[in-house]
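As written, the chain order gives the labels A, B, C and D, with residue 1 at the start of each chain.
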Amino acid sequence: MLHNIAILTGGGDAPGLNAVIRAAVKTAKIQYGAHMLGIPDGYDGLVQHAEPWPLDVSEVAGLLYRGGTILGTSNRGDPFSYPVEKDGKIVKEDKSDDLIECLKELRIDALIVIGGDGSLAIANALFQKGINVVGVPKTIDNDLKATEVTFGFDTAITTATEALDKLHTTAESHHRAMVMEVMGRDAGWIALECGIAGGADVILIPEIPFSWDSIMKKIENRSKRGSKFSIIVVAEGAVPEGGEQVIQASADETHGLVRFGGIGHLVGEQIAKNLKMETRVTVLGHIQRGGKPSTFDRLLSTRFGVEAVHMVVRGEFGQMVALRGGKIIGVPLEEAVGQQKLVDPEGQMIKTAEAIGICVGR
Amino acid sequence: MLHNIAILTGGGDAPGLNAVIRAAVKTAKIQYGAHMLGIPDGYDGLVQHAEPWPLDVSEVAGLLYRGGTILGTSNRGDPFSYPVEKDGKIVKEDKSDDLIECLKELRIDALIVIGGDGSLAIANALFQKGINVVGVPKTIDNDLKATEVTFGFDTAITTATEALDKLHTTAESHHRAMVMEVMGRDAGWIALECGIAGGADVILIPEIPFSWDSIMKKIENRSKRGSKFSIIVVAEGAVPEGGEQVIQASADETHGLVRFGGIGHLVGEQIAKNLKMETRVTVLGHIQRGGKPSTFDRLLSTRFGVEAVHMVVRGEFGQMVALRGGKIIGVPLEEAVGQQKLVDPEGQMIKTAEAIGICVGR
Amino acid sequence: MLHNIAILTGGGDAPGLNAVIRAAVKTAKIQYGAHMLGIPDGYDGLVQHAEPWPLDVSEVAGLLYRGGTILGTSNRGDPFSYPVEKDGKIVKEDKSDDLIECLKELRIDALIVIGGDGSLAIANALFQKGINVVGVPKTIDNDLKATEVTFGFDTAITTATEALDKLHTTAESHHRAMVMEVMGRDAGWIALECGIAGGADVILIPEIPFSWDSIMKKIENRSKRGSKFSIIVVAEGAVPEGGEQVIQASADETHGLVRFGGIGHLVGEQIAKNLKMETRVTVLGHIQRGGKPSTFDRLLSTRFGVEAVHMVVRGEFGQMVALRGGKIIGVPLEEAVGQQKLVDPEGQMIKTAEAIGICVGR
Amino acid sequence: MLHNIAILTGGGDAPGLNAVIRAAVKTAKIQYGAHMLGIPDGYDGLVQHAEPWPLDVSEVAGLLYRGGTILGTSNRGDPFSYPVEKDGKIVKEDKSDDLIECLKELRIDALIVIGGDGSLAIANALFQKGINVVGVPKTIDNDLKATEVTFGFDTAITTATEALDKLHTTAESHHRAMVMEVMGRDAGWIALECGIAGGADVILIPEIPFSWDSIMKKIENRSKRGSKFSIIVVAEGAVPEGGEQVIQASADETHGLVRFGGIGHLVGEQIAKNLKMETRVTVLGHIQRGGKPSTFDRLLSTRFGVEAVHMVVRGEFGQMVALRGGKIIGVPLEEAVGQQKLVDPEGQMIKTAEAIGICVGR
């Protein structure tokens, strides 16, 4: 039996999106002779009945190492609460039936959704309404409970670790504090893992409100023992004890359109003021989301893409692919969504950091 | 209670060895105030009562990103069957008591052995004789059953995948077959994973004796469909159906001292002859074992080193650290050694390769 | 005749400093049997009669690829106007005689100074006072007229270009303006060359005061032609027409100890406000000064170090090494210092950028 | 006046070919409003009147960092002596008039040829016959006298140097000789420059026939001084004194279709035999020709492409672009072709290598 499978990508960027698409298209065509349709701009493309893109094997050549997504991702939002203009105002309407209508018009047998928690929750809601959905989890922050790891995360921490390596050499020569702000609003995985791998002295994450005292003491102790430089990694969502997140420094002035490093600068300023120490701040920003996927992420993306198609063919809908114990398995979307995996302040990874003398802000 | 812990590295090189040493030294000193002694040249250093190297935190600075091992590894062999010269001839003797004597003289409470299957088997034998041993598994080929993955492997496949990326661009412009030989005598993990991540068309591994016909057909089919180049990844231990391994091409002439790419050249020659196609051969060799460890390998090495010291302190001897389901746990050496993890010809990873159209030689 | 040569590094960091030291030490020892003394912390080490470091060939092993400088660089400043505490206040005194005294005590025949414009001007002043000085130019900004290029620059633009490559992929998927701030207070070489090599759409440099209108028009024109993303590279010293440099955003509050990206954020904010476009800002900071030197920089550093020693042996003092037309030659320090090489707004490199459609702010 | 410009690429691969094409297309369109036609498969495409490819700005998006050439290169050869089948035999015929006819049919005003010495000689011959030709030099070996450097070379030595860095770490831990064979049949630039930048102990190049004795002595001297490993870089065209090139090891058997590392293996074998030392051989092969162009090569390619179009517009035909003293200038093809730039055995670069103790085979 021939299948007609649609695929879309939702939410923020993550290296490996294209590799999932490539693997899914190849598996569908080569192993099952199925047709694949690429939906442009995520759920938006379905709501707005955009022209789909028939994806043949030749179309996906070279996608393995290409960052970004050839399909684009949705910008406007949840089809169940979709922004539409009415009488000059923007109101939210349920457009899920339009979306389902579009799938029917295109004679789609199944839909593969590659996306983060938000996109997968929508996928689950569509499944509840009878759509044959299979999910592929994507979160560069690695904060999804249902899978040990998602693609894009290894590339992000690799980029951040390479940046730390570079800061190290120049810090050593000059007796300075070097602050590097990385992604992570709610979950500190990127900061924690790149910090351990890059030899940071202080790592500040959202899960552990930090004490200014602990940071200053750590840096001072290093100075006393002869290490005149210190490397501080700060997740963008890190907060001082009793303080608030300072992510969107200029939000009100610019209507939320621009995002600057907030907490990184604040930490740098405090170190400079308190310790009379030269301090430099680097804000990695979207560099972490871009670039060729790492070898690990290409493998994981490929395995996810292949398995998603197998699940479609086996009719295992309402599920998403996940990595557990080295195997790709299926996990019910219902269980998977809304389950954020935060850093456990008493877990093995934090304890590893503390065992080798890293200050995690407490 | 203060501890006196010795650490040694055995066997071939793997990126991350130094990172394990660094993490172990830091944990021992910072968390437990224990003393660490580095044993030079693996078991050899103990058999020959070589001067140990007191390892303080300052000694291990910068080791996180340094390839190789500052301790050196043993070249001469198993202390239980140690080569000694007698009457002008080399005979094997059990030197394990000398080794144990040396540990006593140095007042060592526990020994951490970082090594492959061979070194860990010796560690287990020493444990049977009463030595407090904790193992850290190391195999660049990733062929140890007891742990999901070992450090060094991610770096090796990253190096090999980057090489494949480079071959891709030049192959595309010139209508050629590009053969790349990678490590892997018994286990094909490196070839298989770098081949998938690097977009290879054919992957030949020791676990699946390959058919010349299948290879030629795959390349010809690609030509027919307009892809005039093909990328072939060959594990050094790959064998044609009914053939033999050709690893040591010049072994007899040079007394085993030199190793050249064997099977890679043979495969290249056959493709050139049979398909009248320009063919180029790359033999990656030891490049795969060298270089800075990848971010993943630095993390895993650090976690292994930290946990090994925790196990020493908790008195969990006769065990080795292992990664399972995202956690570092202890596994009895007895169960761990001698259990090679080969690629399952019907397993998920091979099926993934075949699903996207890669020929695995059959 | 045996020589006794001292070597020091001054000013900011640049990848390749260690490679110069290594090459100089090797050449001195191997080719001439001379002694080399490393002076710690630049001119400070001489003024304060710090213990010098005898540098043998074994000492410099591994320095070829190590960023930073093993000798450290001076922090306090010009020996001819050296800060000393007097009656509780900091006053400036001429300490050049102390420095010369120190060289005599150490029986130094010649001094090799690796440094930027400031350090080389001091070297020239010392030469005027009779010291046998040879200079090695160092400026990561590549703004020295006397040499076609200096080491560190290629590494810096390589780091910045790799960052642009990563921003490109994620910009493409998301319809955004990506602003990246790079080094360059007076000279825009880094911004210009990484911008061309990294495919930027807008490049803003100190030498060409930029028009907000030109930037906005460029980005809007791209949108109209279907390219919904734009990449903007901003040198930290770039200024709007009629505006001022905004390098030290928080200078007053923090006594000049902390430096944040200034103009990058300002540019991002304006784009967001004017074009109602999502904008992200990356501030590369000191990442550009760190890391392994590139192959080009290792070669240039090595050639500089070797030639500096040849010049010492040939008695060509008061000169510095320089690259011209592929050769390393000697250039009088007098001519070399104080001659800044800025980007010529009508020169070939700017014209190259404009020929391929890059907006340089006008 | 509108122009109609054709562009083709000839000969072997070099990173930066696509970047030249991109820059030329952009300059032609944006600055001059000219039309660009891409000729597929080099001169072959003209001889065989293949369909040309109209190249618009959108067509060349992303080409800056893409290795290889989107146009393909000629495989069959010189249009002035073109292989054609006659009565079942291959004979050579002058097809240059067919080629010129094709240019006329396409109404081409000028032809930009990107190629090596051979392709540029043909370009010159076409110029003599009245065609408006501008050349862009390409040789990964950097052996063209008329330009200080060509694109692709920096990428090649960067790849080779990174491989040497990796060999270094693993050599250090294991007391071995590591031999790495790189490209360079006639000119040893790649071996020489990557060898210096990568810290090789021995560098063998075609220009200096090597003495087995010198190599062995160098390695033995290192052993005596405690360095138990040695790194040997061998250009594929290196020859022992009184010996012959061994490039095409298996040429006769396979009709020249396959090329294996020859001299690298021979050198490895001799070291193993003579010094009883473990030896490993790496043959980098076409990895050196592939991959993303380096930052330097992207800049140079872009500058070459831009200037080539300027020269077309200014009517400066019969010339090629060249880098001299930091500027791109025009050089008559007549002077440029046939002038190979070999390593001068008494030149500055070789002397640099010897000054720091590298054995260059003598």
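Quick notes on this structure:
Heads up, the rule we're going with is that a residue touches a chain if its C-beta (ideal position, glycine included) is under 8 Å from a C-beta of that chain, and two chains touch if they have at least 3 such contacts.
All values derive from a computational prediction rather than experimental measurement.
Each chain gets a centre from the mean of its Cα atoms; the one farthest from the centre of subunit C is B. Of the two chain pairs examined here, A-C and C-D, it is A-C that is joined by more C-beta pairs in contact.
Between subunit C and subunit D the centroid-to-centroid distance comes to 31 Å (mean Cα coordinates, whole Å).
Centre-to-centre, using mean CA coordinates, subunit A is 35 Å away from subunit C.
Touching two or more other chains at once are residues 165 of subunit A. Because contacts link each chain to exactly two others and close back on themselves, their graph is best described as a ring. Under the contact rule defined at the top, the touching pairs of chains are A-B, A-C, B-D, C-D. By the touch rule above, subunit C contacts subunit D in their complex via residues 22-23, 26-27, 30-31, 57, 64-65, 148-149, 154, 157-158, 161, 165, 193-194, 196-199, 292, 294-296, 298-299, 302-303, 306-307, 309-310, 324-328, 348-349, 351-352, 354-357. Residues of subunit D that touch subunit B in their complex: 12-13, 15, 17, 66-69, 72-73, 75, 159, 162-163, 165-175, 178, 250, 253-255, 257-261, 265, 268-269, 271-273, 276-291.
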